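Dropping the structure in here first, questions after.
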Amino acid sequence: MAKLQQVFKRYGLLILGILLLVAPLVSAQYQFYVLERGVQNAIHVMGLLILIGYSGMLSLGSAGLLATGAYAYALLLLKLGFSPWLGAIFAVVITTLVGLCLAFPAFRLSGPFLAVTTIGFGEIIRILILNLEPITGGAYGVSGYSKLFANELHVYFFMVVALICIAIGTERLGRSRIGLALKATKEDEIAAEVMGVNVKRAKVVAFALSAMLAGLSGVILANLAGYLSPDSFTSAESSSYLLMVVMGGMNSAIGVIVSSIVVTWLPEVLRFLSSSRLLVYSLVLLVYLRINHVPATRERFLGILRKFGIRRAADAAEDPCGERGAGM
Amino acid sequence: MWRTGGWNVMTEQKKRGKAILQVQDLTKRFGGLVAVNNLTLDVCEGEICALIGPNGSGKTTVLNLITGIYEIDGGSVTFENAQIQGEPPHSICWRGVARTFQNIRILGGQTVFENALLGKGYGNGGSGVLQTVLDTVKFRKERETFTAEVDEILEFVGLSDLRNERARNLPYGKQRILEIGRALITKPRLLLLDEPAAGLNSKEIYDLMELIEKINDRGITVLLIEHRMELVGKLANLVFVLNHGSKIAEGSFDVIKEDPAVIEAYLGKGGN
Amino acid sequence: MSKKLMKRSLFLLVISALLLGTAFVASAQPESYRIVHLAPLTGDASFQGQILVNAAKMAVDEINANGGINGVPIEYLTVDETSSTATGIEAVRKAIDLNPVAVIGPNRSGTILAAEDLWREAKIPFITDGTNADTTRKGNPYTFRIQIASTYWIPILAHTAKEYYGVEKAAIIYGTNEYSKGLYDATAPALEQYGIEEAIVQTYNDGDRDFTAQLLRIRASGAQAMFCYGYEAEIGMILRQRMQLGMGDLLVFGERGCSSPAVEEVAGKENIEGLVASTTLSQADPDPKRQAFMEKYNNMFPNEPLSPTHVNHYDSIYILADIIGRVGADREAIRDELANLDYQGTLAHYRADSEGNLVHTIYTQVVQDGEWVLLLEENHYNE
Amino acid sequence: MTPAILIQLAVNGIAIGAIYALPALGISLIWNAAGLFNFAQADLLTLGAYVMYALVVSAKIPYIWAFIITTIVMGLLGYLLSRIYFYPMIENRVNPHIVLIGTVALSVFIQNLLLVIWGTTPKSVVNPFGYMPFRVGDIFVMPHVVWIVAIVSVLLLLLQFFLRRTLIGTGMRAVAQQQIASWLMGIRNDRMIALTFLLSTAIAATGGVLISAVFPLTPRMGSMIAVKAMAAVLIGGLGSFSGALVGGLAVGISETIFATLVNPAYRDVFIFAVLITFLIFKPGGIFKAEISEKV
């Protein structure tokens, strides 16, 4: 069993990738679409892993960057006549640049101050899309742009391959000196500075990478949906992305992929919850944070788990993947 | 009461080598409070200097000013003939000034190795994001050198066997050592230690003194803040005494411990 | 762990899909006729969705209690359209995956516009509910609309304003959502048609609660009347603040949303006096069949007060039942029948036009002394 | 734009700004005591408004009594929140980001709780101050404007008195300034922080009661108010008592005037733009807050 765990730890991403690639062969059309959305979300949330998980900069406006990517793609194609691939590349570049603007407030702000700024940013983007009607189509949204692939399945394969590559890159980054610099920024900005970490640069990197991934995810969203409207990019969406990154453990790429797909899928499994879906999510998140971060409660909880014979789960929870971040 | 040097200092100055750190008329104000007042001190290459003074005399503030954490209100800081005031902390670190903190600031959730690796900093050359993500040859080579360097230092400070332990699980004394080790990774020429002996037991203090001497033997200049006088007496070539942000004495430990101004500062007026 | 779960559920889904497929092929006489209802059951529009489903469910229960369609019961399933377009598209896919004979909904114009290609490919007739005129203009032969299109609706309102109230100069205020925007787009031509001058156009964002700015501008523009489009909470607030700013003599014309009881609740009874609204079912309609329907509805769902504009799906179910009873479960045949519909329902008389609108009677009513009074009843068939 | 219209706008802005000031004040109080930025403060306000609705409309309790009960019930809820949720996390020195995420989760939780219990149909509570505006020259003033400003002023004075002159208030301020020192002095931090939560939730509830007279209640209302309250507290200066009030009024008045003079659709964009400018160029707000870290 332990060996199996070892194997999974080592080849987890590979196994996950193969599973995802095989999935369309065995899923019905609608389930497949939900899976596609899950993978697309995972790409976005991978960026949040770098930003929130590694660097500890709480962003509550990530839907705004997603919107930027999606709309940039659609509008470049429709208004400026770009070819799809060129449009996609430019859309990602534009989103990265917009995301970089957010790094500047982050130089001086942290914690709640930054979080409020990102909320504001997300709302500004949404209101602009809603009201700049001649360009963005306003509340009607935009449609009728051409797509990257004619075959929907190809979008999916492209997405999965991209996701796995991004996940590998993110993992590498997390273990490297740069990842360490980001994590140090989260825990102790001053200590990091004194140790020779250029914190500003680290923040720029974190924002740029997360914006780039949000842009890519947005481009893919535009390709999946074939239609964009502002109500897909509300602040409520931003909080569900936050949920995905927190439930993913805030420290591992595999965790992010699994939690993004599961959280995207959950409404289907939890049909009976209907309107109380988000209620359950947020409650789970509240309880999880409380149990996991207060040692006394955690011990008691693990004790209960052990009592009921769920020993292995309890031991695993003690140190998931052996990669627990401080305070994470 | 002002006592900046005397003839003994002058003679010592002759014996001293080239100045590595020169602090000139350093001043820092917090609102109406003057935390550091026209402080001038020199630290020369290869020395172990100590900065002492009663609580609240501004010692840590001086370190924060040298390392660029606080903005300087007046005066200058020169390190190896270059003025460094106004530079951000990371670039002061890259110049070769490393420090530890009074209250330990390590990454509790990361391993000892990772904590030490943080001393390699970020932004001063080396592999960038793209190379890291693509795992290029250059990045791999760099990683190997880094690993070797970090392991060498861990060996040097005696933390090799705890390499993969989480930092927060280390005993307090080892955490202090880890912080010093991390500072050494940055390849400093000047090491600033902020109360390294605070909270240690006598055995640990003894080990610490040995370590500091070993570090000094490597050619690293040390400036330390300390309350433990036995440690100061044993290690420091030169002691600066601070009170209310001003330097009230400077000299060898044996000289300043007899200095009435210093005794008054520590024991209050009427002290003997 | 979760991967295992995922895989297992995938397998189950595949198997169930296969079983479903074979079930349909195997028997010529189905065990039930499956109708899927897409409605916003969660999110901001969920209170509308609940009313839509209630009305449809009432009809299904009545039909099934009377032995179904030629002895075959209706299998009625709801799918949550949610209140956002992205998830709305997912819901449409899900509805199609359930392989129904026909779909009722979607309710939101945004979802209809976004997902239309999906059911064009699936070849399933959809009886939608959005007012946005464009939704039936995309040349999708499977799209029908039981709701009145804004292009039918607004001219009646403009006509009323001109003929009954002598309005010469009118302002427009609308929310930046696809529903209100659709109504606004139909307003300018209608005003022009009846020779009313457009004084000023104001917009607001959903969720706004302070409309002082817009109302003051409207007052400054010298408009005699205001065409007011949006969701219940915002319209209620606009009506309330109009009184607070002493603009009681400004006439207000609204679309179906205005006759929802929620508007009255938000605005306060005294603040909606004189409000003119056009609707598909009037509270003041003396017709005994409709009065009986309203009474039955209110008895069954006392907590979800009837909003006269969201109950037409009661008739949608009867229309589908009638057609299926004649042509069976053949979707093409159902589509053809819908395209040539001429049906006397409980709530109205429905007749299809060339775009797929199942056009029916429009009522215009006004609040007088706190009660809705029927102003005029118009059969707006242009064919 | 005549002066009368400007005054009219300012009057409306003051009333709404006074309401923004209440959750802003709550955020400041908790920030001082516990170093915690509560993103759910405006949702607690909304919850208070719904409790008021339940008491007045559903349970038909007289208005004044319902007001008092709402404030007490919500205060106790705040106390419990601190005791069973937030204090244990603060005590264990959990990374502030985690606690912050906890408050975001709380905000989502409250919004959806309201949604599940009361649905999305807008609810409204009778305006106890009457609907008929009185006229001062060319200006129409709603009675509730006067009442809201009066109630908020009285509340602020009481609060000021409580914090400065009573023993508990002094204890709370002591905790806010130096947790360890105050603990050594025998002040129970957990109780003081819980009391701060109690106080700020009760203040938010009062805001909820006042807002229920003016706005229809929807579960998402909290998000809209949160934006303004956070803008108010950061513009005024986080942790500052007067900052919350001045910030609230500034946001209320400036957004109303901006909407009229420029464009109502960009009202929130304007507020955010001002806020972000403030955060970047004057991060301490008008009344400079202490946000520097002890090294």
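Just so it is clear, A, B, C and D label the chains in written order, and each chain counts residues from 1 on its own.
Basically, a residue touches a chain if its C-beta (ideal position, glycine included) is under 8 Å from a C-beta of that chain, and two chains touch if they have at least 3 such contacts.
Just so it is clear, the model here is predicted, and its values are computed rather than measured.
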item	value
Neighbouring chains common to subunit C and subunit D, by label	A
Centre-most chain, if every chain is reduced to its averaged C-alpha atoms	A
From subunit C, the most remote chain by mean C-alpha position	B
Higher-contact pair (C-beta pairs counted), A-D versus A-C	A-D
Centre-of-Cα separation between subunit D and subunit A, whole angstrom	31
Computed distance of Cα centres, subunit C from subunit B, in Å	73
Centre distance in Å when subunit B and subunit D are each reduced to the mean of their C-alpha atoms	46
CA centroid of subunit A to CA centroid of subunit C, Å	36
Contacts with 2+ other chains: residues of subunit D	115, 223, 265, 268, 295
Residues within subunit B bordering two or more other chains	69, 101
Shared-contact residues (touching 2 or more other chains) in subunit A	127, 130-131, 187, 190, 275, 326-328
Interfacial residue positions of subunit B with respect to subunit A in the complex	67-69, 88-91, 93-94, 98-99, 101, 105-110, 114, 117-124, 126-129, 132-135, 139, 143, 146, 166, 168, 182-183, 186
Residue numbers on subunit C that touch subunit D, as the complex places them	43-47, 50, 176, 202-205, 207-214, 216-217, 220, 232-233, 236-237, 240, 243-246, 262, 265-266, 268, 270-271
Complex contact set, residues of subunit D against subunit A	37, 39, 85, 88-89, 92, 94-98, 100-102, 104-106, 108-109, 111-113, 115-116, 223, 227, 230-231, 234, 238, 265-266, 268-269, 272-273, 275-276, 279-280, 283, 291, 293, 295
Subunit C partner contacts - residues on subunit A that touch it in the complex	15-16, 19, 23, 26-31, 33-34, 37, 127, 130-131, 138-141, 143, 221, 225-227, 229, 231-232, 234, 237, 258, 261-262, 265, 269, 274-275, 277
Subunit A - residues contacting subunit B, complex	169, 172-173, 176-178, 180-181, 183-184, 187-188, 190-202, 205, 209, 324-328
